[in-house]
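Dropping the structures in below, format is structure tokens.
Two complexes come next, and they have one chain in common, chain A, joined by chain B in the first and chain C in the second.
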Partner chain A sequence: MTAFFSIYKGYFRTALAIQFQYRIAMLIWLLGGIIEPLMYLVVWRTVAQQQGGAVGDYAVNDFVVYYIAMMLVNHGTFTWIMWEYDHRIRMGQFSALLLKPIHPIHSDIADNIGYKFLTLTVLGPTAALLAWFFNATWQPDLWTLAAFVPVLFLAFLMRFFWEWTLAMLAFWTTRVDAINQAYFVIVLFFSGRLAPLDLFPQVVQSVAAILPFRWMLAFPVELLLGRLTPGELLIGIGAQLFWLIAGYLSLQLIYRAGIRRYAAFGA
Partner chain B sequence: MRYFRLFATYLRLGVLGELEYRANFWINLLQSLLELGVALGGLAVVFTHTDNLGGWQPDELLALVGVYFLIGGLIRTLIRPSMSKFMEDVRQGTLDFTLTKPADAQVLVSIQRVEIWRMVDVLIAIPVLSTALLRLGAQLGPAETLTFAVTLLSGSLIIYSFLLMLSTCAFWFVRVENIQVIFMSMWQAGRWPVSIYPAWLRAVLTFLVPVAFATTVPASAVSGRITTATLFGSIALAAALLLVSRWFWRLGIRFYSGASA
Partner chain C sequence: MAESPVIQIDELSKIYTVTEREAGLVAAMRSLVKRKTRDVRAVDGISFSVSEGEIVGFLGPNGAGKTTTLKMLSGLLYPTSGRATVLGFRPWERNRDYLRRMTLVMGQRNQLVWDIPVIDTFELNRAVYRIPEAEYTRTVGVLTELLELAPLLRKPTRNLSLGERMKCEIAAALLHRPWVLFLDEPTIGLDVTMQRRIRQFIAEYNQRTGATVLLTSHYMADVEALCKRVIVIHHGKLLYDGDLSGLADRFAPFKTVEVELQNGAGGRPLDRYGEVLVQSEGRITLRVPKVETATVTGRLLAELDVVDLTVQDPPIEDVIEQVFSQPDGATSHLPGTVADAPFDSQKQ
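And now, the complex of A and B:
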């Protein structure tokens, strides 16, 4: 455990140093993560205003808080690992990672968290600015805030495991672009980013409850908004744990199979 | 005329190059269909809860989606690939080969790479746009059709000049590919009419990054909400940006001294 601690410390330091070098590129990539929720925020706010102040049980202010929270939760949990693996495997860079006496997922996790912390210095003020601009009011309960911390952590880990599993497909195909995009579209619909899931037809909601994506994004967001009862919170954490374990197992399986297949192109 | 022949040549080269990767057609088709799915799915969810969005009827927003895909396809087929190649050439010094050719360098640079499979965006835009136009048919006279064509053309020219100016910055700051990423992030906001955005964002999308002129303006021409001022403003801006980008390009060329030379 302490060994892991010092390894992660080292990884964090290099991750921060590297990302600080590319700070402009970093800010530019961040923009997409701000525009998308802002766009849906505006669309739904407009709809709510037209419908006399609410759609379903979402009032104008709820949409504003929902999408600001969604922006932050999505930022906290997203990964770009599927693009990286395509590159790593095609260019043969993966060989160097295999030589290290530690599972390559650890440096990826450290990279991801390092980036998140650096960019939070921009995204935090952006969120505050949007909240001020759209006159958002938000009064969280203490217990939801306390519960949010482990829920976000679980969401991060399960999303990381599943997207890392997805990234491993690069061992079998060079067509990962299409797979990734299909994945993003599915996530967009079933995670509550396109619209809060309550506003979808019942069928979509039922499918979303079975799939993992809702538990990665909509669930932490709804928790922050104070829309969940303690019972729903426990069910949600249960679903997160289930998908976390399932993600871990599939990651192990596909990683072992992938390594056996890997032939180090370009070496 | 000569430039049309040049363009046809580059187009043929692009087709020949990409015919080697025929599977890419299916991949691009799948990707475009997915993107269309997001756009239409978003509209579907919105319109289960309201019958208009900021005054826009469903069919009018469908026309907007069609325009968004049409111009987006143009950007992805021709403008972006050509500009990427140009910026790469500046960095590596291979722009010299373009400059020594006996034709206008700006034209050569602008049409030098055609990623033909990206045309599927245009192919997808046509049925979407036709459906929208047919359903809006009653309110579409020859005047509206002409206005639509004119705004579509000036919108494309505005986007082209804008991206050319951004890319021309490569002469001074060698690493500018990321600027295109900024543009494409802003571009997705064009899927919705800019009138619903708050004033500051609307100003950004209209003047700082002229997305509105290429998406909302042509779509408002078919929905009959375009004002004469907007129409002429769009034409004037297209003309002005073409001239300014031309001037800026010349300035950049004069500054360029080749890499490693």
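And now, the complex of A and C:
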């Protein structure tokens, strides 16, 4: 455990040093993560105002809080590994990772968390500024805040495992861009990023409930908004755990097959 | 009881399946429906073993199967068939204890993180390989001294020259003091001084630690300086395994005789002494079958006005060229190939 701590410390230090080297690129990425939810916020807020102050059971303020929370949760859980893997395999960089006596996922996790912590220094004040600008009011219960920490952690891990697993499709095809694009559209739709899932027809909500995406994003956001009962919280955590375990097993299975495949066509 | 070898390979093969198609649009469309594939035997049933502390030169032309073999031995590739153990591990299972005891240096893009100072990559490797602090400090000190790294350690990798980067790559690959080193062209692209320094370093590392080294290089100077034993591979097959000195005997059974004549050749036919390789002014270089060397030199001295005469083994480059210029399959008929004597010269 101490050894892992030391390894992660090393990875964090490297990740931060690299991020500092590419400050502008980091800010551009960050800007994308802010603009997208801000756009939806403005659109839905306007729609709600024009419809007499609400759409469904989402009032104007609910939309504001929803998208600010979505911005933070998405920031906390998003990965860029699917773009990275493709490059990594095509350029043969994966070999260097395979020679190390540690699973390559660890450096990716550390890299991801390092970036998140660094950019939180910009994103946190941005969220506060947006809340002030849009007059957001938010009064969370203590238990939802307490539950949010493990829920966000589970959401991060399950999203990480699944996207790392999907990224490994690059072992089988050298053109994964199209698959990545399709995946991001599906996530956008079924995770609640485009619009709160409660506003979709029932059939979409049912499909979203059996897919992993809402448990990655909408679920932690709804928890923060105080829209969940303790029972719904437990069901959500159960769903997260199910998808986390399924993601972990898929990752192991596909990793093994992927390595063999990688080895077969020449590392 | 004989000590068990560090590297043991038996009938190791690797076949790649590659897709191929003819040029043109029609062929491109046809390949959408039916892909044509072809099997390429990169490594074809090779067997050898390497004992602890040996430095073995692994030679062969481009595409001979050297790198594929090194990748199998370092765990990057699964073999198609055959067996291999290194330090008692099956490499492609990538056991962590194995990965902590070996290293593969392949070109210049393995260890160093591009954007951070070299010393930070070293620190990262210290954590990843779980090197105790005291041992790490000592090893960095030794490597810094041997490879003259002091002015480079604080520079980001991307600011280093090719030679500087290679030195740092090698240092990073050795921080965990591996027992087995697979070095794939460790001096490629370096100037002569740097090549010599790397060479000296490898020899010193081997002497200090007793590590086993399998080295590929296109520079014969590397091989001559470091390897008593060489393994020659061509078209995926093992051609020769034995002493470097024996390579010339087996593949190039001739000597080079250089004579300097008082008044030049004077129109006398010299090809009756041997094959004339070079003739300029009064200097002539002849290639003479090894068994006839004594007779020919005697005749030269008796029949011509010889000022100076030297007899040499052909340069190792020429010998290697001779081996590799054999058409596919022809080499198996050469004297001394492994078909005749598989492991006679191996240490056990």
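By definition in this document, the second predicted complex is superposed on the first by the 262 of 267 C-alpha atoms of A that agree within 3 Å, B and C clash if a C-alpha of one lies under 4 Å from a C-alpha of the other, contacts with A are read in each partner's own complex, and residues count from 1 in each chain.
The rule is simple: contacts are C-beta pairs under 8 Å (C-beta built on N, C-alpha and C of every residue); 3 or more make two chains touch, one makes a residue touch a chain.
Since the model is a prediction, treat every value here as computed from it, not as a measurement.
Trainee: After aligning the two structures on chain A, examine chain B and chain C and state clash or fit.
Mentor: Because the two structures are overlaid on the shared chain, the partners are seen to fit without clashing.
Trainee: Does the superposition put A:Pro201 against chain B (first), chain C (second), both, or neither?
Mentor: So A:Pro201 only meets chain B here.
Trainee: In degrees, to the nearest 10, note the angle that opens at the C-alpha centre of chain A toward the centres of chain B and chain C.
Mentor: Taking chain A as the apex, chain B and chain C sit 90 degrees apart.
Trainee: Taking the superposition as given, does A:Arg260 touch the first partner, chain B, the second, chain C, both, or neither?
Mentor: In the superposition, A:Arg260 contacts chain C only.
Trainee: Would you check which partner chain A:Arg13 touches, where first means chain B only, second means chain C only, and both and neither mean what they say?
Mentor: In the superposed model, A:Arg13 contacts chain C only, not chain B.
Trainee: May I ask you to decide whether A:Val149 touches chain B, chain C, both, or neither, giving the answer as first, second, both or neither?
Mentor: neither
Trainee: Should A:Leu99 be classified as contacting the first partner (chain B), the second (chain C), both, or neither?
Mentor: It touches chain C, and chain B stays clear.
Trainee: By the touch definition at the top of the document, which applies to A:Met39: first (chain B), second (chain C), both, or neither?
Mentor: Only chain B; A:Met39 stays clear of chain C.
Trainee: Chain A residues in contact: does chain B have more, or chain C?
Mentor: Between chain B and chain C, the winner on chain A residue contacts is B.
Trainee: State whether A:Ala3 touches chain B only (first), chain C only (second), both chains, or neither.
Mentor: second
Trainee: So, A:Ile24: does it touch chain B (first), chain C (second), both, or neither?
Mentor: first
Trainee: Just how close are chain B and chain C at their nearest CA atoms in the overlay, in Å?
Mentor: Nearest C-alpha pair, chain B versus chain C: 8 Å apart.
Trainee: Using the touch definition from the top, list the residues of chain B that touch chain A in their complex.
Mentor: Per the touch definition, chain B meets chain A at residues 23, 27, 30-31, 34-35, 37-38, 41-42, 45-46, 48-50, 52-54, 178-179, 181-182, 185-186, 188-189, 191-192, 196-198, 201.
Trainee: Across the complex, what residues on chain C touch chain A?
Mentor: By the definition above, chain C touches chain A via 16-17, 68, 71, 74-78, 92, 94, 96-97, 99-100, 103-104, 106, 109-111, 113, 115-116, 120-121, 123-124, 126-130, 156.
Trainee: Within the complex, which stretch of chain A touches chain B?
Mentor: 24-25, 28-29, 31-32, 35-36, 38-40, 42-44, 46-47, 50-51, 55-56, 133-134, 175, 177-178, 181-182, 185, 188-189, 194-195, 199-201
Trainee: Flag every residue of chain A that touches chain C in the complex, lowest number first.
Mentor: 3, 6-7, 9-11, 13-14, 17-18, 21-22, 92-93, 95-96, 98-102, 260, 263-267
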